[in-house]
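Some notes on the structure that comes next.
Every chain is named by a letter (A, B, C and D) in the order it is written, and numbering of its residues begins at 1.
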Amino acid sequence: MVRFGIIGYGYWGPNIVRNIHGISPEKVVAICDKSEKNLARAKRAYPDVHVTADASELLTNPNIDAIAVITPVWTHFDLARQALQNGKHVFIEKPFTATAAQAAELIELAEQKNLTIMVDHTFLFTGAVRKIRQLVDDGTLGKLYYYDSMRVNLGLFQHDVNVLWDLAPHDLSIVDYLIGREAEAIVATGSGHLNGLADVAYMTVYYPDNVIAHLNVNWLSPVKIRTTLIGGEKKMLVWNDLEADEKIKVYDRGVNINSAEGVYEALVSYRSGDMYSPKVEATEALKLELAYFIECVKSGQRPFNDGQSGLRVVKLLEAAETSLKRKGEMVYA
Amino acid sequence: MVRFGIIGYGYWGPNIVRNIHGISPEKVVAICDKSEKNLARAKRAYPDVHVTADASELLTNPNIDAIAVITPVWTHFDLARQALQNGKHVFIEKPFTATAAQAAELIELAEQKNLTIMVDHTFLFTGAVRKIRQLVDDGTLGKLYYYDSMRVNLGLFQHDVNVLWDLAPHDLSIVDYLIGREAEAIVATGSGHLNGLADVAYMTVYYPDNVIAHLNVNWLSPVKIRTTLIGGEKKMLVWNDLEADEKIKVYDRGVNINSAEGVYEALVSYRSGDMYSPKVEATEALKLELAYFIECVKSGQRPFNDGQSGLRVVKLLEAAETSLKRKGEMVYA
Amino acid sequence: MVRFGIIGYGYWGPNIVRNIHGISPEKVVAICDKSEKNLARAKRAYPDVHVTADASELLTNPNIDAIAVITPVWTHFDLARQALQNGKHVFIEKPFTATAAQAAELIELAEQKNLTIMVDHTFLFTGAVRKIRQLVDDGTLGKLYYYDSMRVNLGLFQHDVNVLWDLAPHDLSIVDYLIGREAEAIVATGSGHLNGLADVAYMTVYYPDNVIAHLNVNWLSPVKIRTTLIGGEKKMLVWNDLEADEKIKVYDRGVNINSAEGVYEALVSYRSGDMYSPKVEATEALKLELAYFIECVKSGQRPFNDGQSGLRVVKLLEAAETSLKRKGEMVYA
Amino acid sequence: MVRFGIIGYGYWGPNIVRNIHGISPEKVVAICDKSEKNLARAKRAYPDVHVTADASELLTNPNIDAIAVITPVWTHFDLARQALQNGKHVFIEKPFTATAAQAAELIELAEQKNLTIMVDHTFLFTGAVRKIRQLVDDGTLGKLYYYDSMRVNLGLFQHDVNVLWDLAPHDLSIVDYLIGREAEAIVATGSGHLNGLADVAYMTVYYPDNVIAHLNVNWLSPVKIRTTLIGGEKKMLVWNDLEADEKIKVYDRGVNINSAEGVYEALVSYRSGDMYSPKVEATEALKLELAYFIECVKSGQRPFNDGQSGLRVVKLLEAAETSLKRKGEMVYA
């Protein structure tokens, strides 16, 4: 049995609690939040769970095995460090930490203590991303050409981070998961129109072998768009996460380059065949992820979305932030 | 009466001829193309028009008042220069020229000779772009925040230019038309996967006052997308050029920034009201543009899509090309 | 204070309880269901509420003011009658009863006892339907021409009713609400492919003044569609209930009939202007409806979705059933 | 060589001429139209073709082998009869004739004279319908359950026929082609709002074995819809003819009926797998159809869209008209 303490019961925290509750109800021992209102909500929904505004109660509680840190990013390092120091496993919101240095320190601490860190890159557990990974791994798409994501909507504005830190971690963790290689360079551009923080931003990540990822994140869009194009040598894919039923479409389309016979001759031919939309597993991603966390804690297995995975995303964010400030100057990741 | 000679009868040339024919049939005097097949097509469709493979026949023909140059970009300068030197007005495909220096030389030549140059930025004459311009000019959108365009599809690959030179001129001319200011800096990224030329590219253009434009152009997309978001202080707009009926949607949505009372307090509030989709004029853009060219030639009026407008676009393309080669290094426009 | 007893805690019952709970938590006194599993669910969610498999406990409980009947339609009459006989107000699922005769008897009983009956035509409380009603009432659409609805999806099959009784009550109650007149005649067609009950059905309702309503209901559709066209003399409307943001679109389109000058002359001209999509209130419909029920019970006000409204829908269903059996023979409503 | 005379050069006639021109230019001998304007258009486009306002010139011209009748339906019988009597093959617009009796007379005449009649049910030659036919014939869909079509838009109003005669022939010919059996009964409903003719109409066609077809045709819709659902025992299909690329989607979805164990037990289970969108041939349907007509004339082969096929559609239209007038009374086909 894994006994949880939950720190942070704002927007996302209740989903964590509800899912742990669903897997094994007895395991949420205590919930902590700074807000009286949030604590009252927690109390009403889970009368048997201890609630408190004092995080140290959870961090030092010997009846708690794992701490879920569901708080703003600037508080992550301190809370996770204390949890690890007190021998507790850590399930932590993305982005992992505010700096790469913090992430590295937490990883080392967890290794010394032989504890599990899992960074909550929930998207990696969705049916859609797991299906895409499968289509990459089994060679359906062929060699990858590009990953191009548009993730825009109206708000929500954050007070402490710009749109990159808010929205880009989703795609950065997915790209990391699909490509499995270190980025070579980062270029980020963008602009802020309201409170000084970038609310519109674009990010290009160069990977080896001409693989390129591009992210378009925007808090000032009148419409919500969640569309990703993935180009491969053999097939190409469109992932529209807002579609209820046909989230992924795989196109038998592509280009063949012929040997050139002259600048005026056709060098390329197009291939255009059927499209198909594979059925995507509908189980709630967070439920699968938390079950996986519990399994990793019990077995000592290292999760694939571990601290290292979180660190790689934070490094890319740091580099993007630097590039953004320099108006697109390339930063080596 | 304006008597035209048409050089280039491949994909776009026939549309030029058909439209001039529609406005005033007697005005197409001769058609030139290097390809026998294209010439045969021209002959069949317009038995009364002279066809030839020799451009100099048109360029020196005293019965021709204006030359339409509808050929690959690397041939533009030479053909347009000869046309101007022979006292002929020029209607020329976009992009205007292969280099900014060439564009400047043509502009000067036209001024000396008192001749008209019009660069065929057809999109500026579509009902959609004219409506957007109106919504900008009359203050409906308020101060502009960003222009974000996605223009992707499968092919057509060009042999001599990359995807930036092929697809970006559309949006660059539109942005130039809507914003009406000089760009401050350019950042371009991208990658090539087939024949060495970039087939996927991204371009950020920084304008004064935090206005930012972003272009996503791609020859390797499985689906065709032509969607542009335009954010303004008062309203926001989505232009989907593939929609048959509702190309433009104007959203009464936005963000209000309140005075901050603390990092945990809501700094922003959202505004979400009605959407409306104004009726967009359906007249063929090229027909309007050619009628405007004829009118400018007759009246001596300088068109707004003149050589200077074409030059501004070429400058941005040159800067983007440089930035792209340096993997996103910012280039001052 | 209105104290509720809830009979039926399957699919829809929990929503009733949750919403009453949200309005005034103290008011749900007891929940009844035949299924052990459903009772256990109720107990877990609402530990303080009495649960029982015996409906008579609720029907005779002096501490209960109103009974919500959320059970299969063939049980409605008996449960509602007992509730009314015991002096309790009734909130009852649609369709109101299995026959018009039953509905009439309940209405009379409620009048004798001075009790409120409200039939749960939830759609009438959605932001979309309230907005459409407003556009009809304020003359925006002009004289109504037709109401044409498509409400299809895969399943859920019912064991005791065909697709008409399952899906048509939604639109019939909406049409009744919008048109406000008695139907003149009904024609229904359809077919059953699996268990003998119609799973695909079509229904035409003739109203005075050439107003026509058409319903397409289908349990065997591969895709879910919830689209209604409403034609008016001045404007026309499309209501797509599956759209997240733009459920209603109002089109400034129509036809003008000119005086005929000959069979070959154009008799009509088309009008095509802007489209707009009014903002639609997002409050949960059931919450508004239950608050309205409570208000009606307290004030003695007769709800517009009263027993008479429920009876009109049942009459149309009965007529449709008869017509369907006779393969489309017209039935006078 | 088949030499054509074309009677009718309004909206559709030019497409006929253009396509014959494309197949074998020399074969259009003469074009006839009552309108001076239309004749002038024909003359300008095809200077070498004889144009005339007198149909008898074509009908008696010994250098013409086949007459294409592209005129209003009430003129079909007379023109086609004269053509056949003069030994000419007939390619004729849909609907074939204004009455079933006329159709039968033409069929008999053609048989006596050993001449070909082809009714222009163009949709049968589209890539979409040919693909659907293939999916029916090869058993992919399994036993058919229903065909449900929505074909609505704003106008064009006809002066002499109602919306059924204008829009329903498309789907009736497709259903005839896919199902290949005689209809058992027809029910039609509808309403007219402007000039006395029905502008909104619904039609149910009962076929043997519980196969049902439903058509929704409407000249008063603010939006254009061309969507057909086809339900089969094994798979289900959606055909959206307005989609540029993915016109047909085949869904691995359906229902399995289990042996009932009680009215409260689940009787059915749902199957939901992948969707795929087969590539659809893009060749212009009319071009294929005219090539097929020419081939049939030359070889004496009877086309599948012959007079009998046209007669079956006219019979359904006649029955629908009768049913519509009687407000849905079932008519045996």
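Operating definition for what follows: a contact is a pair of C-beta atoms (placed from the backbone, for glycine too) under 8 Å apart; a residue touches a chain by one contact, two chains touch by 3 or more.
The structure displayed is predicted, hence computed values, not measured ones.
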Contact-richer chain pair (by C-beta pairs counted) among B-D and C-D: C-D
Centroid comparison with subunit B (C-alpha atoms), farthest chain: C
Cα-centroid distance, subunit C relative to subunit D, in whole angstrom: 38
Centroid distance [mean C-alpha coordinates] between subunit C and subunit B, Å: 53
Subunit A, residues touching no fewer than two other chains: 223, 245, 249, 272, 275
Touching residues on subunit D, where the partner in the complex is subunit B: 47, 223-224, 242, 244-245
Contacting residues of subunit A [partner subunit B, same complex]: 145-146, 148, 150, 152, 154-155, 157, 159-160, 185, 187, 189-195, 200, 202, 204, 206, 210-212, 214, 216, 218-223, 229, 231, 233, 235-238, 249, 251, 253-255, 257, 260, 263-264, 267-268, 270, 272, 275, 323, 326-330
Interface residues, subunit C side, partner subunit B - complex: 245-246, 252, 272-279
